[in-house]
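After the structure tokens below, expect a handful of questions from me.
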Amino acid sequence: MLKPLADRVVLEAQEEEEQTVGGIVLASNAKEKSQTGKVVAVGEGQVLENGQKVPMTVKVGDKVLYDKYAGTEVSYDNQKYLVVHEKDLIAVVD
Amino acid sequence: MLKPLADRVVLEAQEEEEQTVGGIVLASNAKEKSQTGKVVAVGEGQVLENGQKVPMTVKVGDKVLYDKYAGTEVSYDNQKYLVVHEKDLIAVVD
Amino acid sequence: MLKPLADRVVLEAQEEEEQTVGGIVLASNAKEKSQTGKVVAVGEGQVLENGQKVPMTVKVGDKVLYDKYAGTEVSYDNQKYLVVHEKDLIAVVD
Amino acid sequence: MLKPLADRVVLEAQEEEEQTVGGIVLASNAKEKSQTGKVVAVGEGQVLENGQKVPMTVKVGDKVLYDKYAGTEVSYDNQKYLVVHEKDLIAVVD
Amino acid sequence: MLKPLADRVVLEAQEEEEQTVGGIVLASNAKEKSQTGKVVAVGEGQVLENGQKVPMTVKVGDKVLYDKYAGTEVSYDNQKYLVVHEKDLIAVVD
Amino acid sequence: MLKPLADRVVLEAQEEEEQTVGGIVLASNAKEKSQTGKVVAVGEGQVLENGQKVPMTVKVGDKVLYDKYAGTEVSYDNQKYLVVHEKDLIAVVD
Amino acid sequence: MLKPLADRVVLEAQEEEEQTVGGIVLASNAKEKSQTGKVVAVGEGQVLENGQKVPMTVKVGDKVLYDKYAGTEVSYDNQKYLVVHEKDLIAVVD
């Protein structure tokens, strides 16, 4: 089992094809993009400067939008996961 | 439903045409520009270093001005939204 | 009506011609420049890390000097305004 | 009258000629330089993260040394002033 | 014995071959990568701005994932170790 | 008299020749260098975010080592001084 | 005697030869390197934002590993020392 540390969240990322024309990535505009994933594990939360631990705002099973270029890829049991900091999660999708 | 996290706000952005001459974007001057949007969802607020949560200063339905180049584009139910941090909201338009 | 958020101030900027010779902007020296404006709306003030809100130090009607290159341009009711953070206001002119 | 905001100080700057040879500014060495000015107005002081206002450490009439490249030029009543943050003042000259 | 200071952790890193084609490192994509190691020593924890010491969240013997490019190599008793800050540990692997 | 502000210290710097070969400064290695000076005046100390003033750790007459490239040159009574922040002082030499 | 200020530590550095081939420094890989030294003097500790002084975690006589490129070289009594901040010490070697 993967137990993310501090304010980290383990995500099962949803594959997404980048649109290319002849191999060139097409950036429709300059805005940052988001991507969808499913939360499979959450850390215990960030420690504030006063020693207090901030409770996490997402839970296992949540479908979330996250910043497309955030996170670290992790391989575990022949499956790929993405570990992101909670601050890189944009929204929960109900 | 989209539930933005922390101090984020989901906006329905108002389309705006950039003035171009022969495809070149015309920057009238060096000032930053704002754009208008409607708030469709708000987060629960940012957590301060003392653990306190700051109440959001805008609410669903507010018409707001925001920094033109801020935010992350989000697609949901075949509609595009913009998710921005509260600090990128400039003013409420009454 | 425009209601600026946090520590922002809406200014009616005073137009000022940049001195040019043959279209070249003349920078008399390397110092930063200031410009004059009139305060037309003020926000509720910045929230400190202890949750306290700092009262604004300028009020509607004040004539102020501000950092020439600060702020975001805003159009409202066919008039242009400048929205700046309070920290970009340099002095009140009596 | 000019009333500087926060931790700003209005200075009457003392003109100083830069030594040039054939128009080239001579930098004697890589150290930063200071310049002398007279304090003509002081702000109310900076607000700390705990909401406390720090009293200013200089007063009107003080002759001060300041970082040569700091500050914003301000014109008022046909006279030029320099507005600097208190942190850019180096020393009081008695 | 190696006693790491503050929030540092000494790791026995697991060797990993970078995939190369003709000597060129192959970056499969732009995501950051993680690597696996075993904790052999932990520091006493970081001191917060209020003087409080934060307890470490990993212990000797833990198998951890860490940011591939973090840390400082250390040689001790003819063996190589990696010393990383706790914040560069991504997850504990059970 | 020069009265340095905040956490500043006025030093009488000790002249030191840079070793050159044919006018080229010789950097023996990449380490930062220190230089010796004598403290001639000290400020009242830095104000912390809680409003507390930190007492200075050096006093007039102390011989100190300081970071070679720190500080601002000041001319006073036809003598040159160096004003540095306390944090740029490395050690007191007894 | 050298009395380091704040959270500084005076080290007797252990000389180490960089491996070169024909004068080119050989970087075996991109990791940061550490080096061994002996503590000969310690400062009184860093002052936190609440005014509290953090006790030093190393003492005179400790053999320590430190970040190879940290610190300032100091000459005293015809001997060379290295002064580093405590945060640049990686581990104590028992």
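To keep things simple, chains are lettered A, B, C, D, E, F and G as they appear, and every chain counts its residues starting from 1.
Simple rule for what comes next: a contact is a pair of C-beta atoms (placed from the backbone, for glycine too) under 8 Å apart; a residue touches a chain by one contact, two chains touch by 3 or more.
The UniProt protein names, listed by chain, are A, B, C, D, E, F, G = Co-chaperonin GroES.
Given the structure is predicted, the values throughout are model-derived calculations rather than measurements.
Novice: Distance-wise, how many Å sit between the C-alpha centres of subunit A and subunit B, to the nearest whole number?
Specialist: 21
Novice: Can you work out the whole-Å distance between the CA centroids of subunit B and subunit F?
Specialist: Taking the average C-alpha coordinate of subunit B and of subunit F, the gap between them is 48 Å.
Novice: Please work out the Cα centroid separation of subunit D and subunit G, and write it as a whole number of Å.
Specialist: 38
Novice: Mind pulling the subunit B residues that touch 2 or more other chains?
Specialist: 49-50
Novice: So how do the chains connect up here, line, ring, star, complete, or something else (other)?
Specialist: ring
Novice: Could you walk the ring starting from subunit E, turning first toward subunit G, and list the chains encountered?
Specialist: Here the ring order, subunit E leading and subunit G following, is E, G, F, D, C, B, A.
Novice: Tell me, which parts of subunit D touch subunit C in their complex?
Specialist: Per the touch definition, subunit D meets subunit C at residues 1-6, 8, 10, 41, 44, 47, 49-51, 69, 71-76, 82-83.
Novice: Going by the contact rule at the top, pick out the subunit F residues touching subunit G in the complex.
Specialist: 30-34, 48-50, 52, 54, 57-58, 65, 67, 86-87, 89-94
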